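This is the structure I have questions about; it appears just below.
We just call them A, B, C and D in the order they show up, numbering each chain from 1.
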Amino acid sequence: MLGSGIINGLIVTAKNFAGSYHDPERMVTVEYPEQKTVLPENYRNFPFLITENATDPMGTLRCVACQICEKECPPQCIIIEKSKDKKPDATGKLQLYPAIFGIDTSVCMSCQICVEVCPFDAIKMDKVFEIATTDRFQDLFLDRERLAKPNSYYHEIHPVEAAEVDGRLLAERKAAEEKAKVAAAAKAAAAAAKPVVTPPPATP
Amino acid sequence: METLEQIRARLLLAYPAAQITFVTNPGPAAEHSLLIEAAHAVEIARWLRDDPALRLDYCSNATGVDWPDKTITDVTTTTEPDPAGGPAKTVEIKTTRLQPGYLEAIYHLYSIALKQGPVVIRLRTANRTDAVTLPSLTPTWRSCDFQEREIFDLYGIIFTGHPDLRRLLMWDEFKDHPMRKDYVEPDDYEWEPTAHGAVLERAKPHQSAAAAPAPKMGGTP
Amino acid sequence: MNPFTPSAPAPFASAPGPTVRAVHDEFHGDLLEVSMGPQHPSTHGVFRMVATLDGEQLVKLKPVFGYLHRNHEKIAENTTYLGSMPYTDRLDYLCSMSTNWAYALAVEKLAGQAVPERAQYLRIIMAELTRLVNHSCLVGFLFNDLGTSFTPLLYAFREREKIIDLFEALSGSRMMCNYQRFGGCRVDPTPEWLAAAQQLVDNFPRFLDEYERMLTGNEIMLARTQGVGRLDATHAINAGITGPVLRASGVDYDLRKVDAYGFYAQFDFRVPLGAHGDTYDRYMMRILEMRESVKILQQAFKRLPAGPIMDPKAKLRGFRPKAGEAYGRLEGPKGELGFFLISDGSPNPYRYRVRPPSLINLTLLEEMCLGHTIADAVVILGSIDIVLGEVDR
Amino acid sequence: MSDPVASPTPFPAAGNISDAEREDLRRHGILMTSLEELHNWGRSNSIWPLQFGLACCAIEMIAAATARFDIARFGAEIFRPSPRQADLMIVSGTVTKKMAPQVIRLWNQMPEPKYCIAMGACAISGGPFKQGYNVLKGIDRFIPVDIYIPGCPPRPEALLNGLIQLQKQIKAEQLTGPNAARFTRPEEPSEFPIPAYGAHDLVPTKNDAVWAPPTPEAKA
């Protein structure tokens, strides 16, 4: 019958209209400012820098200014300048730190390549997206003070991933300590065996 | 499907005057190609399309490549006998020669009728400046229409016999061919807060002498 | 001359004169030339057509490209192979997963890189989910062009959001997944993710039935699409048209069958074919392909093997393929998506070329539209399915 | 409703009552408002955007208009195809140099009061494509932008967040007095010059009256 196709279509839309009042499958609207979407664990928006310690963020940055992410960043939106001096990191080893670390979020494409290439787990992806501003120059260029966020924040937003990273770092540190212990023991043994040799070189 | 050598042999039988060179592809993909002289390209393309064993009725991809002039240093070692009767001296003679650059158009041909392919053919211009004309294959494969216009736009190869050779992507008043390797990008690097490497070089003239190369900004959160 | 002086108005985008003007033709008499786009609600982005009209009938139609020419190829020649991967997301921004795969396929061919079995299955799952996203959105946009305002698009986007949520949960981003790597995939899905995906695929045919009940039998739609924009097979092949548009003309050419890339050879699915090559066939092709995609997905979930998702030999940083060239292609939702790469042994590709199905499918747009009214031209363009990010790159 | 900004020379109808007094009255069921507030309330809750998608972000803009995010809750669902009927231009996507004159032309054709949202990295600064020869490094080089929404692409919620900020901005606008909104002052430009296509680039490459990079002193 001519017109039956149109009527069928109207029945479908009418069903959906009625369903939008009682059927949870058809009630899809998320009323945004009042009701927030639960972001999945893997969600990424812009990078941030991890600090070990919330009280002294600039002193405990994990970043050692190796500049790998600066080189690999496809749109070249990261700038890093190495420090002149060294600071001890979480394990007490002296490391360089970034004197300048900036990310231009007006260029960043949220591709996560900086996170993937970072060998120190120092840069991770943030989930904050409500960052509309009226000033492009001041507000969208993030320097290291604004990028630094404590490890506890990382645990908050990516719990599974953060636990895995922490476990790995702990294992690495333990392995390094063991190695240092073994090396020290070997050195002591060597020193005991040959008492008159040059003094052991200062370990860095 | 026939191998590329067999196709070349049959092509040479059909067109004895044509110059057809076999270009090997050293990579793991091993997609070798045939370099075809521009003068016979149109006939050969038609032959490839209509040959009953090949029937390459579908030109999937047509693209340009820019190979700029290269200076090649040849080192020839010759041994000169020492007149004093000592051991022969080896003398290295370094000669630099300029390998002229050229522009290249590459076509990937497949057969939809026989579900085979690809056959890759290449055409080369004589140089990169004035002799940049190649015959258009659009009359043979209509799919080259926009792609050859794009090559003309971005590389500057002029295709004779193309029905509508205009710029495809850039505006008509544009003068350069931006995909060429020696293209100089327009200078609009006034604001580069994260400039480093090549970008920093371009941004430097815009930053005043007083400014640090990487200014720190937005200090207070 | 200072172009900022008010007395010197700037020319309109390489078309001298106003957007509408009268032209005179020896054969047709007085005609009207209309510039449609680049800002036009139904040109799917910043596409522009210069249409010459005799009354309401099209006499000439010239597409104008380049309003979204973002220099993807030039940028890619100045970045590493890995650095181009997120850019491929932005080529065809509705189907980033398939575009990722096409690029990974070409680089793997260039470098001779193997891919583990589980990653191959995951790629097929992602590609087919992408096809569902693309085709359902396309049908929505097509009906938008037909004049239904927004309704079918709302239904399509409701389903799209569900699939996009899956992509987000897996890769971290709704649209720009950046999921494939050379030699595998980036993230391994959890069992919960797979269960959610399985459930979505189970429910999808129900949505398709509803969609079809709403749209397919509609008399207005039949009148507007049947016999409109005919494309015959010989011309389509010669013009390099691929994908559902080619198959709607009755040519059996699907790269999933012909090249059998990935693990498609092990899957049981049909390639739907059209008979008339008109807009209606192109619409039906999308609906049927979605049903076939659901079939492929069901098989993939059933057979998904355990194992690594990255080849252990694959390198993330410092990736330098040997000198050579490769052309990798796959059946994207819009047609044959190819990447042509030339390597000179350095970390950046020497030549990086995208073979965009959207651009080449537009080759015969004028021939398909001539003789129809200008309202039909919009529908024909909608049925070809273009994305401007890919047309202009 | 956001708190109204105290105006130095209040609009006559607003009278000289403080916010606390007004809030007190509201609790007693008396709604005091000024013509200015009513005007701004109406404008901020019926922002009609120009239907104008450029690239990837346009899909997220469409997603914001569909059932899941439903931009209609903010009175902004009527996407107008004609600039003459629009209040808001959402520049959603990469502005290429070929497209820039058209974008500026559309902006010029919009009637005052009009607002501009730069959505996504490309519209703000050229984004990942900024090193391209055909990509304009930010639409604010030619037209003034009110709200910048970073992201590539921003989530639809981020667009809604930007829209809410714009609404707040509109609600705080004054119609009279020295701090009156831009559109009430006839000396402020409403139309901007359109660059021409040059041999290598747009001519000129930026509008110095609209855009200047911050000076090094200001950056420190």
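Observations on the model:
By definition in this document, a contact is a pair of C-beta atoms (placed from the backbone, for glycine too) under 8 Å apart; a residue touches a chain by one contact, two chains touch by 3 or more.
In this text, all values refer to a predicted model and were calculated from it rather than measured experimentally.
Think of each touching pair as a link: the shortest run of links from subunit B to subunit C has 1 of them. A summary of chain positions shows that the Cα centroid lying nearest the centre of all protein Cα atoms is that of chain C.
Here the CA centre of subunit A is 41 Å from the CA centre of subunit B. Between the Cα centres of subunit B and subunit D there is a gap of 45 Å.
Inter-chain centre distance (subunit A to subunit C, centres taken as mean C-alpha positions): 33 Å. Of all residues in subunit A, those that touch two or more other chains are 28, 74, 76, 104, 107, 109-110, 137, 139. Under the contact definition stated at the top, the residues of subunit C that touch 2 or more other chains are 13-14, 66, 69, 71, 74, 78, 86-87, 90, 158, 161, 176, 392.
Counting partners per residue, subunit B has 169-173, 178, 191, 199, 216-217, 219 as the residues that reach two or more other chains. Chain contacts in this assembly form a complete graph, since each chain touches every other chain. By the touch rule above, subunit D contacts subunit B in their complex via residues 98, 125, 131, 133-134, 137-138, 197-201, 205-206, 213-216, 219-220.
Those residues of subunit C whose C-beta lies close enough to touch subunit D in the complex are 3-4, 6, 9-14, 38-41, 45-46, 66-72, 74-75, 78, 86-87, 90, 93-94, 150, 153-154, 157-158, 160-161, 174-176, 388-389, 392. In the complex of the two chains, the subunit A residues touching subunit C come out as 2-6, 8-9, 11-13, 16, 28, 40-44, 68, 72-74, 109-113, 116-117, 125. Interface residues of subunit B, counted against subunit D in their complex, comprise 169-176, 178, 183, 185-186, 188, 190-191, 199, 206-208, 210-212, 215-217, 219.
Remark: subunit C residues 79-80, 82-87, 89-90, 151, 155, 158, 161, 165, 168-173, 176, 178, 186-187, 210, 213-222, 316-317 touch subunit A in the complex.
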